[in-house]
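Note that the chains are named A, B, C and D in the order they appear, and that numbering of residues resets to 1 at the start of each chain.
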Amino acid sequence: MTKKSRFLQTPVEPFAVEAGLTAEQILSRMERISFQGRNLAVAHRVWLKMLESAGGLRMVVAHLIAKRYVDCLVSTGANLYHDLHETRGQHHFLGSPHADDAALAEDHIDRVYDTYADEEEFIDNDNWIATFAASLDSRPYTSREFLYRLGGHLWEATGRDGILTAAYRAAVPIFCPAIADSSIGMGLSQARQKRAGAGQIDIIGDIVESANLIIRRPRTASVVLGGGTPKNFINQASVQAEFYSPEVGGHKYALQIVTDVPHFGGASGSSLEEAQSWGKLATDAARASVQADATIALPILASALEMSARTILARRQMPLFSMEERTMTIDGHTVPSDRFEDLNEPAV
Amino acid sequence: MTKKSRFLQTPVEPFAVEAGLTAEQILSRMERISFQGRNLAVAHRVWLKMLESAGGLRMVVAHLIAKRYVDCLVSTGANLYHDLHETRGQHHFLGSPHADDAALAEDHIDRVYDTYADEEEFIDNDNWIATFAASLDSRPYTSREFLYRLGGHLWEATGRDGILTAAYRAAVPIFCPAIADSSIGMGLSQARQKRAGAGQIDIIGDIVESANLIIRRPRTASVVLGGGTPKNFINQASVQAEFYSPEVGGHKYALQIVTDVPHFGGASGSSLEEAQSWGKLATDAARASVQADATIALPILASALEMSARTILARRQMPLFSMEERTMTIDGHTVPSDRFEDLNEPAV
Amino acid sequence: MTKKSRFLQTPVEPFAVEAGLTAEQILSRMERISFQGRNLAVAHRVWLKMLESAGGLRMVVAHLIAKRYVDCLVSTGANLYHDLHETRGQHHFLGSPHADDAALAEDHIDRVYDTYADEEEFIDNDNWIATFAASLDSRPYTSREFLYRLGGHLWEATGRDGILTAAYRAAVPIFCPAIADSSIGMGLSQARQKRAGAGQIDIIGDIVESANLIIRRPRTASVVLGGGTPKNFINQASVQAEFYSPEVGGHKYALQIVTDVPHFGGASGSSLEEAQSWGKLATDAARASVQADATIALPILASALEMSARTILARRQMPLFSMEERTMTIDGHTVPSDRFEDLNEPAV
Amino acid sequence: MTKKSRFLQTPVEPFAVEAGLTAEQILSRMERISFQGRNLAVAHRVWLKMLESAGGLRMVVAHLIAKRYVDCLVSTGANLYHDLHETRGQHHFLGSPHADDAALAEDHIDRVYDTYADEEEFIDNDNWIATFAASLDSRPYTSREFLYRLGGHLWEATGRDGILTAAYRAAVPIFCPAIADSSIGMGLSQARQKRAGAGQIDIIGDIVESANLIIRRPRTASVVLGGGTPKNFINQASVQAEFYSPEVGGHKYALQIVTDVPHFGGASGSSLEEAQSWGKLATDAARASVQADATIALPILASALEMSARTILARRQMPLFSMEERTMTIDGHTVPSDRFEDLNEPAV
């Protein structure tokens, strides 16, 4: 027992309870406990490192956009739709997971686990989106371009904060590869009833654009909240970019807060290590994977970052986007959606 | 104790082990045990009922298409891509979830939990898809139309069975709303490098077409394997269809085999009851929800159906699709993707 | 692509659906698919290997005892209590997980997820156990000795098959380390109201006895269904035995069917690999871990074994227990509960 | 839309990020979000209510004992063993869940998911426990009595804080119904090698004592961290107590932080509603169930309580235990382990 094993380096230290601890202090005391508590603390540290690096593609929700904790967002359509619902001055309501769903259906109330919403307000949203989409030119828009314009329209109409409006004002691009699988997609489809040729979304253009973004700013970090299509889209962008640029070698930082598990083989619950085999992540990427509901982990993490990342954020050289035109620019350079920027091609 | 409670109707009966039991016999003996075993048996019964009804929209994987256990498929891009990989004569390989992913990355091996594949073969697939996509007309294709043509091309090239080829031969439509989030999407994006204007997918058209399908054949059933975008897309089609047709009132049958759970609020793990509040399911829909990996549940369920559904299948009036043209038909009627068939509109 | 990586050895093969497949055929076709389906097939193969070896400590439920698929059982008290309930001619009933529990409480119906039982029958069981326990001598009994006598009393009273009665008739020992946390424990506690000094259980003696069993028959296999205290008790017996016998080196075979996951740090969901670090399993142990509800996996596995293990079972040299006396014997040798058999001690 | 449904009462309010938020402020801002985040906030509120009530049986870990957030603890043996390990001045170490377990086994390092410990130190602990147990009288001890004496011995030997020592000093009883399934049980079994008749634990006496405790102080609350045997033992105590006292009617408050799920039928993941059908909880019990790893939820909850519960704790009338003798007393009244205090019996 005199000679410790090489495996025994850093002792676990118990969490010391104290009144008035801030989020940052709580996470700092969780760094040397075990299991998911420790992982949440590591996630905090990895995020700080992300912000300190030269950075590129990253994503998380609303406030983090405005303060530029993230430079880019990939989202499900549902998240953006429920955001639009609230920004338009409507509400979600506290409900019960044990509700009588037939009674809810009769009252035209839609349930999302323990949360209710008014179906008529949803129908009104769909129509509002359809009307806006029908007012656009009859040409394909990437989801990124469409969502930027939708955010702008929403800001003009409401002047209220939210994910879409914050992204519009901070000029942070949002990609939504599965937009067809959401009520925003339903609104877009209804635009065709209002005007022939309306509601065209070029999601393949989103693939090109997101990869070009990484080709331009190759040292990227990925923040995943909850899995699903956004998780794979972020990772695939990195793999796709590498085809055309030798400088891209997987995300350099990765952080995921998931509830899904790896052992059923789905991408949603897959480990960050598995992502390394694909080249989605660099094999030496700093990383943290937390098994927790984002509704618990994110409030704590964001509260802590608001304190701990203050000076890092202030001196950070963030990428600057312009999205006024059909083709986006980053730091003054165009990011085309119709062709990859091929750095492997010999210069003419 | 002489008077039993109204709650105590049907006694649980233990499963009796016997040599040589078939899948159907096993499921039949599981009908009166508890927990997920019982749910799997109920799922079998619900599926049989689905087939006996006049039916409409239903979905599950390969063999079930050819035998028309299902009339329509909604899939992730990943499932179809890995199908194409095998149909092209390549393999996935038994692997370990505890692999050294850095070593795999060095060997260009991609890992999916306990399964390996050759990255170079994947790059070849992507290029094969890109070449095919670049050979198509420079116009938007719904994912349904594109996948039908891809299936046809694959059948001509290989003559091998698979999901895409079976669907092509049986004229069963496949929708892939999140096609941009997959290697099929990556192949489509690479088509733009081969020919300007290639790789256009009209996923909003898919929303219109899938709803029109339900408007035409309103008594539908949904079979969900694993959650994700297909689950919501199937359910949303039913909600969308109801806007335009008073006859549609949610799926009449629903069956899901999921590993995700409801309590984190995601659509992927949401309960069939929650779906009723939205009108995705009829409030009196026959339903079964099984918490199990589909790789366990589906082989047993399909093996059992192959026996139990024989006569039902033989006398079934299945919908007939034609997909040779840009606009699909069902039983001779067109299913447009540019406009909902509005049965609420007064006849001219 | 001409030279495959060392990682790509065995191609995945799709499951072929066919009418009339037996459980054994289904599992055999699942051996080369992916994820938990493959794991279930591997579990079948590992179990067959267990039976072919010289064998020792193993455990699973009722039928497997009578046919001696297992030589020993470790159980929760709840499993044995619900077994006793049915053997006494009472029932569990099909119920709903969405029941109104206040209404059930009013009717004195106890719910276990989707299964109901009559509380008055439970109270009667408790009293029946208490009366039997009060009839025993005023001395401590290991849970193993008590459960053998309880099984005998139950067989005399009912002549019906069940776990307790099958174990009694086949002379298979049952350990229940957490017997105090169950209604059997409640029955034992009520025996003290009937007679002072009744209801004494020597669970520490169970530790000694289970380790001595392994010291006697050291090449052991463990079959875990569902985690909890039985899982660790089986593994701890192997570790404890090794203190006193150089021949014991962890279980040689291990199979677990669990729904719990490793990442929260509990023993219940811990991996078989983690068990190797403790010496609970030999580092070269054949093993299979399946993430599935036992109510799905076990009927299939047992149905398959009934066919596949037939000849192996017939020629198997199983250990023979005698439990008529306070001290158990195995193959004629005593297995004390008051002292470990120390093979490290020099012979006198 | 003018008339809202009765279901839409309380709007969801977004979490507002701010630098320097304390745990209490974070939880207060989580009260009106959705999913598990909301549940964690409700758990905080329920715990405060528990402390304000006249209260009785409650349980949670170390610090909460000393400050008397809880009046009684039910624990697994493993938790107490790892506590003893640290109190004896030894450590657990940060490790990796992806470790090479064969290499760890060679170095005699035991792994618990992402945490390592030195096996030789564990062997030394076992021996230390065995020596202490062999020094006690040759008679059965309830786990409660044994653990009180063990805590006292540990305090004398080390003078260090921990669960066992805090409980000893605060005179808070600890029950460990599955003590045989742990390394404390292994230490007790080894005591028999040191002295015949040592290591006797009367776990059935623990059932009697815990029920008598509730009979004495019937308005109880239960706090469950992680499920397993402690969860059911706490609940069963309430059911058992009701047999002998008309005043007991299930716990009045209940709070569980679990990662297990209900749909596989195990007690560990069962819902608080299911517990109501059994009478374990009052049908009007205030309750909160949080799906989260306790290593995340508890540091936050305890940090918040340390602030929010300050005044409530100060004016609280907590039950006073004395455990110097074989028979425990509460507020001066004896709590026997050999017989239930039957309040249904007519007074003599």
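The working rule: contacts are C-beta pairs under 8 Å (C-beta built on N, C-alpha and C of every residue); 3 or more make two chains touch, one makes a residue touch a chain.
These numbers come from a predicted model, not from an experiment.
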Same-interface partner of B-D, chosen from the options A-C, A-B or B-C, over half of the pairs matching: A-C
Chain pair with the higher count of C-beta pairs in contact (A-C, A-D): A-D
Equivalent interface positions on chain C and chain D, same or different at half: same
Mean-CA-position distance for chain D and chain A (Å): 38
Centre-to-centre distance between chain D and chain C (centres being mean Cα positions), rounded to whole Å: 27
Chain centre separation in whole Å, for chain C relative to chain A (CA means): 46
Residue numbers of chain D (touch at least two other chains): 34-36, 98-99, 104, 109, 112-115, 261, 263-265, 273, 291, 293, 295
Touch-based graph of the chains, sorted into line, ring, star, complete or other: complete
Complex contact set, residues of chain B against chain D: 34-36, 98, 261, 263-265, 291
Residue ranges of chain A touching chain B (in the complex, touch as defined): 78, 97, 99, 101-102, 104-105, 109-115, 119, 140, 177-183, 185-186, 188-190, 192-193, 196-197, 199-204, 206-208, 211, 226, 228-229, 232-233, 236, 239-240, 243, 259-268, 270, 273-274, 276-279, 283, 293, 295, 338-340, 342
Interfacial residue positions of chain A with respect to chain D in the complex: 1, 4-12, 14-15, 17-24, 26, 29-30, 32-38, 40, 62-63, 86, 91-95, 98-99, 104, 107-109, 112-118, 120-121, 124, 273, 291-293, 295-300, 302-303, 306-307, 310
